[in-house]
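Both of the next two complexes hold chain A, though its partner changes from chain B to chain C.
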Partner chain A sequence: MKKFRILIKYEWLNFRADRGLLILSLLTLMAGLYGIYYGNTEIVRQRENIADLAQLTEHNIDELKQKYPGEVEAGDIGYYHSTFAVNHPDSWAGLSLGQRDVNPYYIRLRLLNLQSQLYDTENINPLKVLSGNFDLAFVLVYLFPLFIIGLSFNLLSVEKEQGTLPLLLSQPIGLPLIVAAKLVFRIMLVLGLALLLSLIAMLWAGVVPDVRIALWLGVVVLYCLFWFGLAFGVAAMQQNSAFNAVTLLGLWLLLTVVIPALLNVYVAVKQPVPQALALTIEQREEVHAGWDKPKQETMERFYARYPQWRDTTEIEGRFAWRWYYAFHHLGDVAVEDLARQYQGGLLARHELVDRLNVMSVPVNVQGIFNALAGTDLPAHLAFMQSASHYHDSLREFYYPYLFKQVAFTHADYEKEPRHSFSSGPDLDTAFSGIVKVLLSVIFVYVLGVLFLSLKETVVK
Partner chain B sequence: MQYILEAKRLCKQYQDKLALKDLNLQIRPGEIFCLLGQNGAGKSTTINLFLGFLKPTSGAAYIKGLEVASNLTKVKEYLAYIPENVMLYPNLTGLENLSLFSSLAGFEYSKDELMRYLLQAGLPAEAASRRVGGYSKGMRQKVGVAIAVAKHAQVLLLDEPTSGLDPKASNEFSELLLGLSASGTAIFMATHDIFRSKEVGTRVGIMREGELVDVLSAAELNANELEKLYLNYMHV
Partner chain C sequence: MIRTIAKKEFISTLRDRRFVSLSLIVLLLLLSATIVGLHSYQNLQEEREVAQHTVNEQFANSADRHPHRMAHYGSYAFRPKSSLSFLDFGLDSYTGASVYMEAHRQNSANFSQAQQSTSLIRFGEMTVAFVLQMLLPLLIIFLCFGAFTQEKENGTLKLLLSQGVSLRQLAWAKVSGYSKVVALVVAPALALASLLIFGRGAFALDGDLLLRLLLFILFYGLYFFVFVVLSVVVSALHQRSSTALVSLLGIWILFCILIPKASANLGANLYTTPTRAQLDADVHAEVVKGIDGHNSQDERAEALKQELLKKYGASSLDQLPVNFDGIWMAVGEEQSSKVYQKHFNRLMGIFQKQNRISEWAALLNPYLAVRHLSMGMAGSDFGHYVDFQQKAETYRYHLAQELNHIQATQLRYGDKETRLSSATWGAFEPFEYDTPHASWALANHMISFLGLLLWGIGICIGGMRLIDNTKIV
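Showing the complex of A and B:
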């Protein structure tokens, strides 16, 4: 143990004197701090926008009150009044933005057909899908492996190449102790930085202390250990530094770019999902056709589904709001199966990725971070579901006014349902992901020990 | 008397080359054994087998009666090694390098004591606190000597240790070896330097193509006779 401490001490002295490694560490720290700033800035921006939505709703109501100073048909209010379904970010969202800035985090809703409103802003920032976010999760998942590679690619080979290994091994210490000390020093350095950044991010974001703190830190530790395991495995093959660097960078490219891209293609082929656009077009055609269909036929179809409104007054004249909303409603009914397929398909695709991510630890860890931060696809789909339910509640609120022809008064605005939804973590996904990372870590270290024991050390 | 360094039918076979063939050798404490031979004769292979850097194909190497291959860590407590080209951590100073290797050998020295070892090895005082990256080969070699001396080893394994040293430094090195020998340290030195071998050696071995072809008493020959004998073996 004493010799181990001596080796660690001199690793520190060597590190301290190596300007290149100091600069690399500083750059990683700065990238991490920028990632924290970026993620939190994005969430602050979203919160500010969300705060503005409430004012917009109030403003809209004030305008309607001015436009309709007395009693009014509820159909007019349903048509002109906008309200919002909002996906409030979790306090962790700034650490891992996930899909929060590519999918809409609020949806403007009116009493009209739902589906076209749900997918009105299907993808608000397509370029981000390509480039990804520069949040802390990105820094940890994609840049920290490069930092680890930079520190460890010459773990053992540097001793051979600078010629110090013979003198070192002529002391009463074994090669495993030397490798272990080098590895432990680098692990302490990297974990110190990664955990420090994580804690800064948590404090900055003001996360509520719960089990997620332990899970996040645990994932960070395991993920860094995984990359150190790969570096150890490559070092154990006892090739030169250039070979190690190329091999490790190749593994980084494979695990962070090539496999995710192949997974993407495979999942798209294996689990086709109908386009939201197709759904919108079909629904739009159904709604537009509603104008030309006989009113009674439309109402019969509507009453068959919602018999509670059958005994209300008959449709007379060229236009009636309840007929208008009925064929809008039927437009949603027409694409019910397609909508279910779309949502179910997206979820199935996510679950398929969740099963296949064992092939790429970075993909798995990114998924865990998103699940902990409540920014993954299931969280978005839950929001869409919640928005859909909210729209149902709007219909339940307005339909009695429409079908029983009750006048809408200023006092009724207050009775309108409000939407409330906050993204939450998916701990089951996080737990199962962590188990997979743990198994990957064990696998790479066993492989490394095997390489080290099988290969005779060529000292010179 | 117990032999401190011993080889019994020691062989090392590389894929298509027999690098060391049936080496039998015994060295006593205080003895300086110089091994002469051309490049590739098997001198360094012999040293690497005593250091445990190589596993013997057959036979065994012993230090203080312990088989090297199965007591790797233990035997290294008894030996010190100076390679042909001492390479140190370039970002550390001479003092830090000496402190590291001494600590690993189990010796904790004060800065003054470390400095004394470096000065004794011939390193200028001003160089001791400079980074080794700026040292000449000779200066690094002197730090290597200081590391070996500070370890108080009972066996000193030297692989062309005076290569690159100027004549004065070589002479100082010879005196150092004689001093260590007088205090009971056994020294095994692979070298091309026939005259240095004659000067400091107790016995001189001649190695050719992996085989120890002759062992001579240094006291019974003068340098010219040794050189003639050596050249005869090399031209056979």
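Showing the complex of A and C:
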């Protein structure tokens, strides 16, 4: 044990003397801090934007009150009044932004048919989203492996190349102890940095302290151990530093870039979602055909679904709001199946990726981070669901005014339901992901030990 | 002598089993990326063509309707994939595929690939451009990192120099030898790509497409050249192969991973993007100040009313020879479109400011330069996206105005009942999108073009000067 401590101490002295490694560590630290800062500003900005939406709604109501100083038909309000379904970020969202920058985090809704409003997008700079987010998850998933590779690609080979390995081995210590000491020192350094950054990020974001702290830190530790395992396995092959560097970078490239890109292609082919365009075309056709169909026929179809309004007055004349909103809703009903298929297809895509991510630990870990932060595709789909329900509740709110022909007054604005949804974590995905990471780590170390025992130590 | 050295590098590289297997992997990836790219291109293209055809047919064969109903019915613009986008998806996966074009309202482009994907897509997509931009430089680094260091380590550098070759000549000889190797890896894939483009008759052979492809290949050629020279120069500056390799890998990580992401993020952080909701609200507020398409109570509508009554010497609107409904809606559309254009341009200006950071960074980073140029040539860059949106908006505006004109001239004031026959709609030209010319695409990327060019020239002059001063020992 004492020998071990001495070895660690000398590793530390070595590290302190090596300017390159110090710079590398400092760069990683700075990248991590920038990632934390960036992720937080993004989420703060989203929160501010969401807060501004309430003002826009207020403004819209003020305008309508001015436009209709007295009582007014609820149909006019439903047409001109817009409100928002909002997806509040989880307190963890800043640590791993996931798909929150690609998918809109609010949906502007009017009483009109839902399907023409549900998929509107936010102003997004495509070049920015293509480049991706420089958040803490990126630093941990992408850059930390490079940091680990930079620290350990010449774990043993450097001693060999400098001719110090024979000297070391001439002391009463074995090779395994040297390797272990070197690894342990580097692991402590990397884990120290990774955990420090994670804790800073959690404090900065002011996360709700729950089981996720343990899960996040656990994943970080396992992920770093995974890459150390790879570095250990490659070092065990006892080749020169250049070979190690190329092999490790090749592995990094394979796991973080090539396999994910290939998986993406596979998923797109295996699980296509062609319903989107059909859905958008179909719903327009249905809604606009509503104008041309006999009113009684439209109302019959509507009453079949909502018999509680059947006994209201008959539609007469060219136009009535309740008929207008009835055929708008029937437009939604007509594409119900397509909409369900579309969302089901997206969810199936996510599940497919969830099954395939054993092939790449970085994909898996990114998935876990996103699941913990509530920023993945299922979180967005849950928001869409919630927005749809909100639209239902808006219709329920307005239907009595429309069908019983109750006038809408200024006091009624306040009674209108408001929407709020917060993306939550998906702990099941996170748990099953962690199990897979753990298995990967064990696999890598077993492989490394196997290499080491198979290969005889070549000192010269 | 120089030719001999170049030949020696070429041949000895081909004998290196490790390098050959790496090259084969890259070549395989290139070929599969070509095929995968074409497959996904055809899928998306077909999907959008079918959708466009469907909505065009629907419009042309619409039931008898009131013209303003048709204006609300509107149409869709589905963005066709540009012919070369199968080589470089660029921004296409992150931009919306369909725009709903209706009266009074400009809608966002919806249904991007990224929205239909899990976060997997954020790891990058397997395209030819991806292999060429990211993986080939790595291959070049593996190829060239020992160019000088190996000669130094083996003690052959002194021998070579004693033959009367200068360091500079030696460097050029190595560059030319390695360039041939790179060409050998890339050429088959590009040949296949060209063959697929022109051979299968999938695309009409037109000059613009050819020019784009040629420029595409040219830019990548220059990019690889920059990396070859850069690697040789770095190798000359180091004494040991391993340190040369590590330095080059560091440069690669900086160029291909860190700078692109950091510059794009920095841009977005510096210039705040207004939300769509805010933009809509701003447009609305400004339009209300003017004329409201549905509200003739408005002051400006009143003024227009008085003006027309005076002009035709009529006492009421139904005595006018033209339909006031159509006229005031046309005026309203004109005004709201103008306001929207102003705000849309402001938004695009903000995006461009954000992107400017990446563009200027291209002067420092050849990867960014070639990325922009590649997307530009493939027709999947920001400029082409904005161009599509603009053309869709132009079409929308004219569609709405033509329908307003029909209402103004063929229908009487206050007439909400008359339905014009289906044949009226068949006479409308459907939406068609033509990709702008290659020169336009290139003009959008002058900074990146300059960046790549400067890198090419700079590395030849500056790099060689560095080599002159290298220590021979």
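In this text, the second predicted complex is superposed on the first by the 450 of 460 C-alpha atoms of A that agree within 3 Å, B and C clash if a C-alpha of one lies under 4 Å from a C-alpha of the other, contacts with A are read in each partner's own complex, and residues count from 1 in each chain.
Just so it is clear, a contact is a pair of C-beta atoms (placed from the backbone, for glycine too) under 8 Å apart; a residue touches a chain by one contact, two chains touch by 3 or more.
What you are looking at is a predicted structure, and each value in this text was computed from that prediction instead of being measured.
> In this superposition, which partner touches a larger number of chain A residues, chain B or chain C?
Partner touching more chain A residues in the overlay: C.
> Taking the superposition as given, does A:49 touch the first partner, chain B, the second, chain C, both, or neither?
After superposition on chain A, A:49 lies in contact with chain C alone.
> Going by the contact rule set out at the top, does A:58 touch chain B (first), chain C (second), both, or neither?
neither
> Who does A:6 touch here: chain B (first), chain C (second), both, or neither?
Once the two structures are laid over each other on A, A:6 reaches chain B alone.
> Is A:120 contacted by the first partner chain B, the second partner chain C, both or neither?
second
> Considering only the touch criterion stated at the top, classify A:38 as touching first (chain B), second (chain C), both, or neither.
second
> So in the superposed three-chain picture, is A:396 touching just chain B, just chain C, both, or none of them (first/second/both/neither)?
After superposing on A, A:396 lies clear of both chain B and chain C.
> Determine, under the contact definition given at the top, whether A:300 touches first (chain B), second (chain C), both, or neither.
neither
> Across the two complexes, find the residues of chain A that touch chain B and also touch chain C.
none
> Given the complex with chain C, which residues does chain A contribute to the contact?
Against chain C, chain A makes touches at 31, 34, 38, 41, 45, 49, 52-53, 56, 59-60, 63, 84, 98-99, 102-104, 106, 108, 116, 119-134, 138, 142-143, 146, 150, 153-154, 161, 240-242, 245-246, 249, 253, 256-258, 260-265, 267-269, 272-274, 276-278, 280-281, 284-285, 288-289, 291-292, 318, 346, 349-350, 353, 362-363, 366-367, 370, 376-377.
> Can you list the chain A residues touching chain B in their complex?
3, 6-7, 10, 13-14, 17-18, 162-164, 166-174, 456-457, 459-460
> Across the complex, what residues on chain C touch chain A?
Of all residues in chain C, those touching chain A are 29, 36, 39-40, 43, 47-48, 51, 54-55, 58, 63, 65, 69, 72-74, 76, 78, 90-91, 93-98, 100, 107-112, 114-126, 130, 134-135, 138, 142, 145, 241-242, 245-246, 249, 253, 257-258, 260-265, 267-269, 272-281, 288, 347, 351, 354-355, 358, 382, 385, 416-417.
> Chain A touches which residues of chain B in the complex?
These residues of chain B touch chain A: 48, 51-53, 55, 72-74, 76-77, 79-81, 83, 85-92, 96, 100-101, 103-106, 131, 144, 147, 157.
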